[in-house]
Amino acid sequence: MLSTLIFLPLAGAVLIGFVPRDREHMIRWLGLSVTLGALLLAARLFQLFDGSSGGMQFSEQTPWVPSLGIGYHVGVDGISLLLVGLTAVIFPIALLGSWGSITERVKAFTLAMLGLETAVLGTFLSLDLILFYVFWEAVLIPMAFLIGIWGSANRRYAAIKFFLYTMAASVLMLVAIIALHVIGIGRLGERTFDLQRLAEMGLPAGLQGPLFAAFALAFAVKVPMWPLHTWLPDAHTEAPTAGSVILAAVLLKMGTYGFVRFGPSLFPQALAASAPLIATLAIIGILYGAAVSWVQTDLKRLVAFSSVSHLGFVMLGIAALNVQGLQGALIQMINHGVSTGALFLIVGVLYDRTHSRAIADYGGVAALMPRFAAVFTIVAVSSAALPGTNGFVGEFLILLGAFRTSSWWAALAVGGVVLSVVYLLWAYQQVMHGPVTAKHPERLVDLTPREMLVFVPLIAMIFAVGLYPRALLDKSEATVKAALTRIEQAVAAPVSRR
Amino acid sequence: MTIQFAPWILLWPLLGWLTNGLIGRRLPRVLSGWVAALAVAASFATALVVLSAFGETRAPGMSLSIGLPLYSWLGAGDLDVQAGLLVDALSLVMVLTITGVGLLIHVYSIGYMAEDPHASRYFAYLNLFMFSMLLLVLAGNLLVLFVGWELVGLCSYLLIGFWFTRPAAATAGRKAFVVNRIGDAAFLLGLLILFTSLNTLDILKIRDGAAGLSDGARALAALLLFAGATGKSAQLPLHVWLPDAMEGPTPVSALIHAATMVTAGVFLIARLDRLFLTAPGVPVVIAMVGALTAFYAATVALRQHDLKRVLAYSTISQLGYMFVAMGSLAPAAGIFHLVTHAFFKALLFLAAGSVMHAMHDVIDMRRLGGLARPLRWTAGGFVIGVLAIAGIPPFAGFFSKDLILEHAFALGMHTGNYLPYALGLLTAFVTAVYMTRAAMLTFGGRPADQNAHPHESPPLMLWPMGVLAVLAAGGGALGAQAAGEPLLRFLGPLMAPAMEIASSPPALLLAGVSIAVALAGVLIGWTAYRDGRDPSLGVAGTFFERGWYINDLYEAVIVAPGKTLARWLAGPIDLGLIDAAVNGVGHVFGGFGEAARRLQTGYARQYALVLLIGTILIVGYWVLR
Amino acid sequence: MSATLVADLALVAPELMVFGTALLILMIDLWLPPNRRGWLVGVGLAGVAWAGWSAAGVPDGIGFSGMYVRDALTRSGQLLALAVVGLGILVAPEYLRRTRLERGEYYVLVLTAGGGAMLMGASRDLLMLFLSLETLSIPLYVLAATSRANVRSQEAGMKYFLLGAFASAFFLYGVALLYGATGTTRLADLGQALERMPSSTSAAAGVGLLTIGLGFKAALVPFHTWAPDVYEGAPLPAATFMAVIAKIGAFLALLRVFPLSLGALAAQWTVVLGALAAVTMILANLAALGQTSYKRLLAYSSIAHAGYLLIGVAVGTPAAISAVLNYLVVYAAMTTGAFAVAIAVERNGQEADRIDDYAGLYHRAPLLAVATALFMISLAGLPPLAGFFAKLGVFEAAVEGGGRVGLLLVLIGVLSSVVSVYYYLRVAYVMFTGELSADVRINRSPLVNVVLVLAAAAVVQMGIAPSTVNAIAHRVGAFLR
Amino acid sequence: MEWLIFVPAACLALAGGVGVIASRQPVHSALALLMVLAALAVMYLLLAAQFIAVLQVIVYAGAIVVLFLFVIMLLHARRGEGSREKLPRQRAAAIVLGAVYLVVLAVAVLAATGPFAQVEPDFGTAQQVGQSLFGTYILPFELASIILLVGMIAAVVLGRRQSGEEPR
Amino acid sequence: MVPPGAYLLLSAVLFVLGTVGVLVRRNALIIFMAVELMLNSVNLAFVTFARQLGTVDGQVIVFFVLVVAAVEVVVGLALIVDIFRSRDSVDIDDVDLLRG
């Protein structure tokens, strides 16, 4: 089932490869159907998933490169389940949302998106380190092309920066993976890259530090954590709407997911030891991202920096290393995907109409586009974590978790709660309120039914998660607890004595 | 049990909101108003039903508070937040006040907004607000309360900025939200402390468990929550948003920024009285903040020219009284004042709205005057409101304010700190003066603009004012000794155990003093502002007019430096340092690449030289190893 | 003829077939009318196939007085070399016909160079190694200069030859030193002798000089300087062929000499080869950054890959050897593919050599563009294509068997591949954006297309299912253990 | 006794070596090279390598140097070097590096010296060398033929008139 | 009796002379002669070692070096002639189109 899910989009891409380029309509529909198919599969997976178990489910394992000990091993637990669900939801939305804006090279675009979906799903479901790395890096290429081909003026610079920056960080992870494998040969007596096997061997504390550092660097850039974030504003700004949506909603989660997936399993002691550092950077990110958002003049840059702030919360939750923090981090990952994805779609709606991202080019839009205004309002308050929306659930749990670990973390992070309103409402006011000063008021027509169709599921998720987060939390709690138990045991009884 | 209907109190406005929000634009304008009003009316009626049911349960031995869990909202580890309601005397009083006054204001709004093309959006917001406010007061869990707490803030933002094409309105809404958020952040931290110490956020459990907390935790949690309350209830130092909030439609000012939402802070303290009032040192802080705010706002109100701003500052001032009551360990008295204040302040605002309606949105008192004649009913209502707020018996304000001063005096007797009382008394005098001034400048004297042809508002607006006028005049009965203090007795059992006042103050004497001060104030005001005169009060006047320059101070000390800091971070730091470092790495590599390219000169002899160098190095290494 | 000679000749049957085919082509070419030269391709391919069949079948053994060894390394190396010769023949005819260079000698030279490369892997004697090296090199010098009216081609031949002869002299002096110090040129005896006298200065210097000769052929920095100029100047089919065959020969020899014979001096040559690998990876990748010529870019790329390959040699464990072999296969596929793309494109009747000439290729020839993208991604070592697994194998072996030096090399390796991503993907990026210039023409070249398809299939197959080739290489490594 | 032959021969070889690289005219270089070859042939005789000495004279002096001279004539390349030195520091660098390399090389090569071995009288005769060539060294010998063939083909390919292209 | 060291030293000097010649001369013909000089020095070393060791292998190797040297000269001279035809120069520094 998992393999079907992972490779369904790729199979769809192959199929679309045979469709002539000029049949754009058919390609669009095919692409959408494929992603919807993946969504159905993911929904079924969600339904079948047993939330009471903290282990891997639906595992599939088969040797891949036996001589090197590389296996094809996929599986889903509570953590990956949520992210797989998010991925499956976001992709059809992003595709549908780009129907209006991507009018050139539709086929290549659709292929890139489908390839990207496979890579992302694979990243979330891999349980073999090499398989994981393969998917992890495979994400870069379609994404860089999305930015570099369909992006705006400075796209080449942004694509290169995105690619090289994230890649530079992740190759060190590759070295660490190899090192783990080699250590595993010594300690397990077998050649394996299997995550679970390597986790069982119990890495000596002295080795955990450098190896975790290599992993953490790769993840931290992807998240991105301050001060490794500067690729993000450029990538977001230049990417086409769908690219931004995917980037924000799904790709950044790969970084946070990495921390949650590999930290407790492979490097429990190192994770525990570096939690204060992670938290510090996270808090700086929260406040810094928010403050910098406030003075942006480009809407997409503003949202990009808000991502830095929001993901700071996620990292803070992870650094808290308790149930609330981690659960909050997980929920916040989903929330950020939904809300920031929606924000980028909102910017996309404006951009499609006037081809400007400059805040100064707008003003009084609410009067012209009331439905759009309502959508924007809901998304903005969700992003600002207003209770009743999804954002609050995540931030509250994170703050609670952080508070329990160190009250100062929460006290400082709460500043982000305030600042988020400052920049979001500022931007909202500049764009939507005041007299109509937008440059091309005649072009600012309200949302079309297709665009509404893009937003409705996101808004539904905003409220669904806000009002009944247990639907998600219950799926992941057992997994999170198991991970925490691992850390506790490792810290209590250092494995290094072995 | 009919008490199970309590959720419907919430559901009606929610349905109203959905109706107006989803299909409102397709409804006839009048209809959307009536839908909204009907929803509130249904809510009010449900509240009455619940009240009657609640009355039945008040047999001895029965719980004073009935929790109605709905569903498990949020859980992680040991955190389990039940979304549920809490029905008790306090919440019922609040619900009735909110739905009652709210209903009147909804009806008024139908008339007021009759001409506005976006009325459906207005009523949708208004109903959403009703829902949020009711959620706030009915919440059985502090986190659920917080949901309402923030949602009312959102509604406030939306409604202040309802006429968002006016930059001032949009900015005011944003300011309100941001300032509230600052308080909310503190609130949130308070919540975290409570949960980490008590492992629950259930209000009943917190009430029961508060005594078990350490002094430090209790005080810190209480202070943080109180900080949240100062934001919502516009107390010093977070009061700055409320005067600006007057940019919203006047019924909104009446409902949200006078009668209901701003009292949420007071309600919060009453709700958690056992936490707040037993925490060491906290009551004094509350009382002092309240007293100072009351006095501060009253002085500022003295020199405002915008009628609604006068009323806004007076609201801040009156809220200060309520906090004095809380700080004086008399939450019931505070709630009493909350209720009477809701009556007379709503009345005053509606009257002001009526004036605006008549004068085509002119609200600057310097351009008003002599309206008593054309706007007879409005003027009458306004005068009743003035008398009530000034504390002239037998109008409602007198009883509640006097009760607070009495408790403040008792606090002084108990602790030796008479400052809250003294400030309260002084404020009472100033209140009488500035309210008289407002009435005189608006309705007395001669019309400032001869060309205006004011006309009285339609019945749909006058009737609610009438009802409120009756309540403002007679509402004191709820807490008057002569009437048997029904409200205080109703609240009493819930609140009593938290308080202990050692000695009883000389009640009659204090009442006399209050009356004398109020009368003096009215008299002086009458004398000073007769015939449309408005003495400037010199330097002090300007000081008052600018709100003691607090706004300017914030602007200069927090906002401007904050923006500068943010610009500095975004420019020199983010682009200039962090990003430049990243790009610098790229450029360094590019530079190396160019250098490496230049090594390749194209001359074979030089290639041979390079080869020889390599040979020497390698062979040299082997030879010398 | 003595019985041993017959047995010995059986050992070298594949080489004999290759050289024999070369002679046959030379003969046929004499009487074949110019418009029937297509037959030469057929004959060449048939000979290669025959030799391949033979290389796979001839049993192991050592012959010719211990100068020649046929073992797993020989066999796999020869099969690879033969495959490359086959590809080298396939890419040529259409281009040669276009540029009126078609001559039987071209194929003769390709075949003899291939034979040289095959012998390099089998040489068990330094003299044999030297002669094999020359058998490989001299045809390549000539191939580089084939396009004789083209001054760039002449220049390429000249530089290649001049520096090649220069480096050969160094190599020979190394042989002389080793001979003088140990009295033998047989690698096996040499290894034993050095175990007895590990601190011999002369022998050490001799090993150093051998490194220069082989390093020149493998284009390791600082012996790489000829490569960019030669690849850029040489006609495309020649560049395609030499970029791969020289690397194969050189690395087979490096493996034969260092890990498999001179284990006694491992501590020292690990450092030297490691340092060479490090500077090669760094410098080549940096220098490639600013290139505007496609061939030149690929030249630097091939230098960089020599660096990655050399990591495996420097580490020298059986796992590393098999990783190097695997890498060579992958390198052959992706480099041949990348060059072959350029053969299919033409600007104003000339080679389309500027990277910008490929702008918008995707619109005109989507499959060609996609294939190029595959080669570039694989060359950059990005998953999930072959290049990634090739690098992974080498890196894994280095971390496992290379100690601190290995780890350091891997770090340099991964970081320099990040740099390489920039220039590789720039090519792919250019093809998917922009517009194809009007004077750029895409040639319908069935044979080149065959090469492209084969290379692309290999790059994909060895990425998605790397086990096949990997398992073979692994078995070789295990055998040599 | 040997010294009497060695020293003049060595001096001749060195002088010739310097002459090769220092002569202005290619012809002079070729003649200097001839001098070196002759001197080395003498040394080979001293080192009991009669066959090689003969080969040296026949192949090198007889064929290679003649070939050089032939090409020099063909090209009329009198000096063949442009007046402008494009690599001004090349000469100094070459000399310095050459000196360094000489030290390294001398150290390396001298470390391998030992006493001369006792050899049979037929050491280095054509017969002995020939037996090796066709015995032990049969494979290299065959390979050498291939190399010669390649040389031939190279000459054909490179020397042929450039067909179908504008003559320059 | 002249010791092997003397021959070897001579060989080293000749080799370096050849090396320097390649580096400093620009006439391609002279450069090739310098290369021949290097090869000859190698031959001297081989012959000396053969004598020192008393094995004939060194001399056999010289035979092969001679063959290769001859072929190299053929190829090299052919290239020079070719280049001279198109550029009218045998100055190796004029062969500098390819760079970077």
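Chains here go by letter, A, B, C, D and E, matching the order in which they are written, and residues are numbered from 1 within each.
Basically, a residue touches a chain if its C-beta (ideal position, glycine included) is under 8 Å from a C-beta of that chain, and two chains touch if they have at least 3 such contacts.
Source: prediction; values computed, not measured.
Enquirer: Which chains are in contact with both chain C and chain D?
Expert: The shared contacts of chain C and chain D, listed by label, come to B, E.
Enquirer: State which chains count as neighbours of chain A and simultaneously of chain B.
Expert: C
Enquirer: Counting only C-beta pairs in contact, which chains form the busiest pair?
Expert: Chains joined by the most C-beta contact pairs: D-E.
Enquirer: With centres defined as the mean of C-alpha atoms, identify the chain lying farthest from chain A.
Expert: Ranked by distance of C-alpha centres from chain A, the top chain is D.
Enquirer: Taking each chain's centre as the mean of its Cα atoms, which chain lies farthest from chain C?
Expert: Ranked by distance of C-alpha centres from chain C, the top chain is B.
Enquirer: Central chain, going by Cα centroids?
Expert: A
Enquirer: Averaging over Cα atoms per chain, report the distance between chain D and chain E in Å.
Expert: For chain D versus chain E, the centre distance works out to 5 Å.
Enquirer: Which integer distance in Å separates the CA centroid of chain A from that of chain E?
Expert: Each chain's C-alpha centroid was found; their separation is 64 Å.
Enquirer: Distance between chain A and chain C based on Cα centroids, please, to the nearest Å.
Expert: Inter-chain centre distance comes to 43 Å.
Enquirer: Just how far, in Å, is the C-alpha centre of chain C from the one of chain B?
Expert: Measuring from centre to centre gives 78 Å for this pair.
Enquirer: What parts of chain D, by residue number, touch at least two of the other chains?
Expert: 86-87, 90, 93-94, 97-98, 101, 104-105, 107-109, 112-113, 136-137, 140, 144, 147, 150-151, 154, 158, 168
Enquirer: Considering chain E alone, which of its residues make contact with at least two other chains?
Expert: In chain E, the residues touching two or more other chains are 8, 15, 18-19, 22-24, 26, 28, 31-32, 45, 48-49, 52-53, 57, 60, 64, 68, 71, 75, 79-80, 82, 86, 92-93, 95-100.
Enquirer: Enumerate the residues of chain B that touch no fewer than two other chains.
Expert: Each of 597, 600-606, 608-609, 612-613, 615, 619, 622-623 in chain B touches at least two other chains.
Enquirer: Which chains are in touch, pair by pair?
Expert: So the chains that touch one another pair up as A-B, A-C, B-C, B-D, B-E, C-D, C-E, D-E.
Enquirer: If you look only at chain D, which of its residues touch chain C in the complex?
Expert: Chain D reaches chain C through residues 104-105, 107-109, 111-113, 135-140, 143-144, 146-147, 149-151, 153-154, 156-158, 162-166, 168.
Enquirer: Of all residues in chain D, which touch chain E in the complex?
Expert: 2-3, 6, 10, 13-14, 17-18, 20-21, 23, 26, 29-30, 33, 36-37, 40, 43-44, 46-49, 51-52, 55-56, 59-60, 63-64, 67-68, 71-72, 74-75, 77, 79-82, 86-87, 90-91, 93-95, 97-99, 101-102, 105-106, 109-110, 112-119, 123-124, 128-129, 132-133, 136-137, 140, 144, 147-148, 150-152, 154-155, 158-159, 168
Enquirer: Can you tell me which positions in chain B touch chain E when the two form their complex?
Expert: 597-598, 600-605, 608-609, 612
Enquirer: Considering only the defined contacts, which chain D positions touch chain B in the complex?
Expert: Within the complex, chain D contacts chain B at residues 86-87, 90, 93-94, 97-98, 100-101, 104-105, 107-108.
Enquirer: Could you list, by residue number, the parts of chain C that touch chain A in their complex?
Expert: 322, 362, 366, 377, 382-384, 388-389, 392-393, 395-396, 399-400, 407, 410-411, 414-415, 417-418, 421-422, 425, 429, 432-433, 465-467, 470-471, 474
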